[in-house]
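Before anything else, here is the set of structures, which you'll find just below.
Shared chain: chain A. Partners: chain B in the first complex, chain C in the second.
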Partner chain A sequence: MSAVLPTTSALPGLAPARSESTWVGAWRRFRSNRVGLWSLVVVGGFALLMLLSAFGWVASDWGAERAVANAPPTFLGPAPPPVASVAVAPSGPPLDLSAVDPLAPRYREWAERAAQLATTEPTKLQTLPFGADRLGRDVLAKAVKGTQISVFVGVLAALVATLIGTVLGALGGFFGGKVGDLLEWLYNVFTAIPAILLIFAFAAVAGRGVQSVVLILGLTGWTGIYRLIRAEFLKHAVRDYVRAAEAVGASAAARIFRHILPNVSHVILVQLSILVVGFIKAEVILSYLGLGVSVDQVSWGTMLAEAQGELILGYWWQLVAATTFMAVFVTAFSLMTDAMRDALDPKLRGLE
Partner chain B sequence: MTAYLIRRLWQMVPTLIGVVLLVFVLFKQFGGDPAEILGGLNASPEQVDAIREQLGLNQPWWVQLGIFAKQIVTFDWGRSWATNESVANLFATRLPATLTVMTPILLLDALLAIPFALLVAYVRGSLTDRSIMIVTTVALSISFLVYVIVGQYFFAFRLGWFPVQGWSDSLLTNLTVYVPLPVLLAVLVGVAPQTRLYRTFFLDEIGQDYVRTARAKGLGEPRILLTHVMRNALIPILTNLAVALPGIFVGSFLIEVFFSIPGLGREVLLAVNRSDYPVIQAVTIYLAVITMVVNLATDVLYKVVDPRVVLK
Partner chain C sequence: MLLSVDNLRVAFRLGREGGQVQRVEAVGRGERGVGFEVPENTTVALVGESGSGKSVTAMSIINLLPDNAERSGTVTFDGRDLIAASSADLRRLRGREIACVFQEPMTSLNPVFTVGQQIAEPLVRHLKLSRRAADARAEDLLNEVGLPEPRRRLRAYPHELSGGQQQRVMIAMALACGPRLLIADEPTTALDVTVQRQILELLAGLKERHRMSMLFISHDLGVVGEIADHVVVMREGLVREQGPVARIFADPQDTYTRALLACRPTLAQRRPRLMVIDDHLAGAPSAGAVVAKDPNAAIVIEASGVSKGFWMRHGIFGRTEFKAVKGASFRLRRGHTLGIVGESGSGKTTLGLALLRLHDPNGGPTGGHALFDGRDLLALSRREMLPIRRRIQVVFQNPYASLNPRFTVAQTLVEPMAIHAIGGNSEARTTRAAALLGRVGLDASALGKYPHEFSGGQRQRIAIARCLTLDPEVLVLDEAVSALDVSVQAQVLNLLKDLQDELGLAYLFISHDLAVVRFMADEVLVMKDGEIVEQAGVEEILERPRQEYTRRLIGAIPRGYVSGAASH
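Entry: the complex of A and B
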């Protein structure tokens, strides 16, 4: 047979001996989608930025005081000096309070001790490319670091939720019966509580920090993917190829993970990326409310929380920076997901 | 019908038990020690022990589960740990504010999104359709937070059209003075995704054979769209609205936080920040019950909308 193959495939006009795999076909369809390709490029760029910032090559000094407080973006020019205060400086010799000031005897001692400590006064810039926040930190560096944290949390939480949903869905759909009923019950319980309350209830006991957010979102967000994977497994479990595998002695685990799972992996991938977008938005809101990342970290949500107060004072740059980064990334990621779904699941094309 | 209702209600029991167990295990196993939270930082070990005794925390877990179940059934959750206000009173005083804000939002969302979606679905594939889809995709990628921050700053602080935040005791004042801005912002943000979703439902129906038949027998477009297509597309739309309906009780907590509306959503958030377990537990369990009842009501409504549906 193998001796015949080269000659047949060499013949012009004949179909290739091997039909293209799902993934090759999906990639071919994806490539023909210009919007999808561009969004992939943008998402790739963000991924690169995240890697650089994760390894500390960019934005590692986001917490440093780089400029004067609320320094405006460069194109606006330095902020005008504050209007001179109306208080008139007192004239005459300074009042001697040492008789009534209880701290007076210690001032000299403190001044001497302070002189022994070496302090460096950083040169504070008047402007930064994207401006500075209340503490003089570079907004651009914060936005880059915030991207790393927000996207990392979103992706990791989506992976957790997908893992839970896939495993439970596979077990429920494949075995049915008692196991299926138990998992259906669990699903009903989790969906009976409105999502936001479920998140709050988990947040109330989980504490703060990146791991907590990942756990909260992952443990509460698995229901949708469970439902879909369960339906897929119900469908596939009775198909001929699975029964054939059973007939030649493949174990249940082998049938689930080696035979059926690759056939539903496109559903998992699409659901995973839909979850990423949702979880990034959820992380932003949780962090804004103070239920998300801890105070020594920066995410888009904490940036927005700070920006709210700054906006009233006219310092709009942090709001714009966080919003722009988030909007560009989430738009690109959503468009990529749409293109991916179209490429992987041609039946669904044009539905939305 | 009665038999159907009874069976559905009966089926809720295991789910409800599950919800109670979930909340119980979550707070019992992973939450902090209630006695230490209640006692505060300065409590002596004797005080902590006394609180533990009072709450029954020294009892075996099944007794505690019994206490928990009794609280649920008798609607007696005791008092909030943070404010000492009774939880029942908290519900009664916070819910009206939430409903005052959420009812207009839900109604306006649906009333605007349905005609928009029908219109967009009707002109599908055209430039209008595509630009609306692109605009909604971009608009959706911006966090809801940004809309509220900017909207509050621009409309209330800069232009002064609305008060920045506030609440009063009179329903009329609330509706005319304090509610319009939150509702406006929530609807502005909420209409886009709903339009996108409903457009899909309408598109599914517009491609059906019965639409072609209706056109073939010479019906006018308005009648085809409003009578035939609408009625069929209403089923998934109803489902979607039903999913959103329980949210009306807990409210858009973000809206309530931003505009200082003394509603249930803000209260839950405060409770989470203060580790005020009784409030969170009570809200979670009762909202779950409401959600299940609303889902049942939706299923019954299907029957009204679509006579083909058989309730079994």
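Entry: the complex of A and C
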């Protein structure tokens, strides 16, 4: 019986211990970068905030007019009301004007009817920790809700642009020839038009709203990643490992997606992150110009657009809230992208 | 003594792990360092395999190492201590008294400056010559390194020159300020044998004329034997043996030196197997005689008038054809090896890839016929080619580029079997992959690893195993051992021979190295400018070459010191 066993035991390779893959190695390098790790924490915090606000657990009542218009930001509560001592109340009963006032007999009736229509005027806060806008809405809640819209738009638009750019770049770089010429022509047309003009043209057609902004940015922003991915595919398509794959009979699709794509994935990932930052800023500009999200939604861009008018009157807090949120997120995201590129750069890895 | 290196140790810092600085020793092990001397007007050669620390040793002399290198020991140049020297002092020394020539001339030259500007730069900087005087001197230098029409070449950009010409320019730049020591780091490794011969002769002549010393770094004992006066053999960061070249070749004391000399295929005799370092260190006996092959074995590939051209674009619509292969005809028999030799640009690789149909179909026209099993390889459609792909496989030159870096070895080996539906399920395929790894001398634990965890020789074994997964009948070996160290090359060549004997494979062996071709091939095609200029049995080609071109190729092969004298 023991004669059978060696054949199976001689094959320890059936469950081979996999070595550290590229991604595991990249994560190990990323972890050792302190700046990258902290920026990841910050970006993670924003992502959490986005999720909470998307599910309505925070800032769902951002539209409520909680305070007086343009309530100033302070933690200390309203200043004590100034002692009003301008006009001295006259002493004695009011003058009886019923003799000369034709409406006098109806004063009582109106007073009774007014008593029936008792309105409850909500007590509006005099101050808020981060201030209020011209409608008395909490600036902090607006900024949190704005994070959700702005980051969502940035990430989704970046995904759309990356998808378009990657697929077109892969096809153009791999096949070349007629396909490549056609795609190059398309690329040239898109890059020949000034970017902001192109975005306006698309915006004029697509109208306002989150979906429109995603579509506009995605359709106009794919050119940079197309160029990079095309160059990578041009380079990799003639590498020996792709030739070897062709020699064993791998189809063109297998070579593009199974062989080359994982080898250029670090380029895609880094470009995606750069696009996210760029598109968040683009959304802000679009909304600022009134071509972005619709009026019943809030984004960092609409906040900045409102801030323009407020600033002249000395109400600076909405501007500060929106720019602080944006600056922190964009900086953290850029630093994270930088760290990611360092961790994924194949040139930093041993002999490759 | 011009240069003396004593107890030199170099380590590279590799970041921190657990608060401890990680170091890897490149030169020296533990307390033991490397020591040698370079006298005036002498050529000293550092020889060793890749990873032996020879280049790091040379670069540490003038501290051209990355920032994470740590040097210790003493390096004295003309009485000055170079380890303690400031970077400003070293900068003054570099180019003026110690000059360097590197392996890759293309990457060593700046592509945006003309050759003249690059040669004139050190003259203006170090010798304070005027622009006009520097240009005149640059022209003299180009003339001296044997570049034709030096005045016109001054205005040429590096990409307009061939590899050999670029290396001449590099040498001219190194000579510009009349250095006393020239460090040449594998200066001929990237070049053709014939060009290598010219560059070696040039270097030897210049050394005599300028009365300078040379530190010559090479992995090739054949080259070293021709140029060096004194040889230092290095292995794993330590000096194994050093002495005058005649003694090293005639009476090597160290077993490693002896093994290194023995594992090189030679033109002088034909052996059935090459000695490998481990055999030699273990004192294993040499193998028996060459077994003759059946001259009437079945013909696998019969090519007649194969030609391949590439379109060269001019402007928008214009294009002309460049013929890379012109009417090649040959027969390849089962179990035989057909060697294809020639200089780079002779069309030998193009011929191999044309048979495999690995060229871009729109790249240029193909002509002629190549019959494989009764069907014309050059006329089949893509779909018809798929079952043929299984039977003709290829191994490429660069083992670092031919494996997908994101695939584990298991993925690499299973993929071809999955495409051609060999083996029932993935488990059966993995079993087969493990068995084939064993066949090429690796163990099954390699399956889960990625290519970057293997050395060049191991990767080439994996590439061979990938071919074997499909049970091919023909293997195209495109410079398959050219990028490997001599000792590893010997192992891979032995493996290829064993596989051929065992499986009856037919090889199309493309190489520029006639010594390797002699070991492997039964018949040889000599190609020049896309044409086959000579075709004969391997013995006949080497003993009675009919073409001047073939004679030049054979004459260019480095013969080492003693073997050159003994073969006459």
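One rule holds in what follows: the second predicted complex is superposed on the first by the 279 of 352 C-alpha atoms of A that agree within 3 Å, B and C clash if a C-alpha of one lies under 4 Å from a C-alpha of the other, contacts with A are read in each partner's own complex, and residues count from 1 in each chain.
The criterion applied here is as follows: a residue touches a chain if its C-beta (ideal position, glycine included) is under 8 Å from a C-beta of that chain, and two chains touch if they have at least 3 such contacts.
All of these numbers come straight from a predicted model, not from anything done at the bench.
Once the two complexes are laid over each other on the shared chain, residue contacts for A:Gly249 go to chain C alone; chain B is not touched.
By the document's definition of touching, neither partner reaches A:Arg137: not chain B, not chain C. In the overlay built on the shared chain, the residue A:Gly176 is in contact with chain C alone; chain B does not reach it. In the superposed model, A:Thr323 makes contact with chain B only, not with chain C. Of the two partner chains, chain C is the only one that A:Asp240 touches; chain B does not reach it.
Once the two complexes are laid over each other on the shared chain, residue contacts for A:Pro262 go to chain C alone; chain B is not touched.
Number of chain A residues touched is higher for B, counting chain B against chain C. In the superposition on chain A, chain A positions 351-352 are in contact with chain B in one complex as well as with chain C in the other.
Across the complex, chain C is touched by residues 11-14, 16-19, 21-22, 32, 176-177, 239-241, 243-250, 254, 259, 262-263, 346, 349-352 of chain A.
Considering their complex, residues 14-16, 18-19, 21-23, 26-27, 30-32, 137-138, 140-146, 149-150, 153, 157, 196, 200, 203-204, 246-247, 250, 253-254, 257, 268-269, 271-273, 275, 277, 280-281, 283-284, 287-288, 291-292 of chain B touch chain A.
Residues 185-186, 188-190, 192-194, 196-198, 200-206, 277, 281, 284-285, 288-291, 300-301, 304, 307-308, 311-312, 319, 323, 326-327, 329-331, 334-335, 351-352 of chain A are the ones touching chain B in the complex.
Taken together, the chain C residues at the contact with chain A in this complex read 15, 353, 356, 358, 360, 362, 386, 389-390, 393-394, 396-398, 400-408, 410, 415-416, 419-420, 427, 430-431, 433-434, 437, 443-450, 452-453, 463, 466, 469-470.
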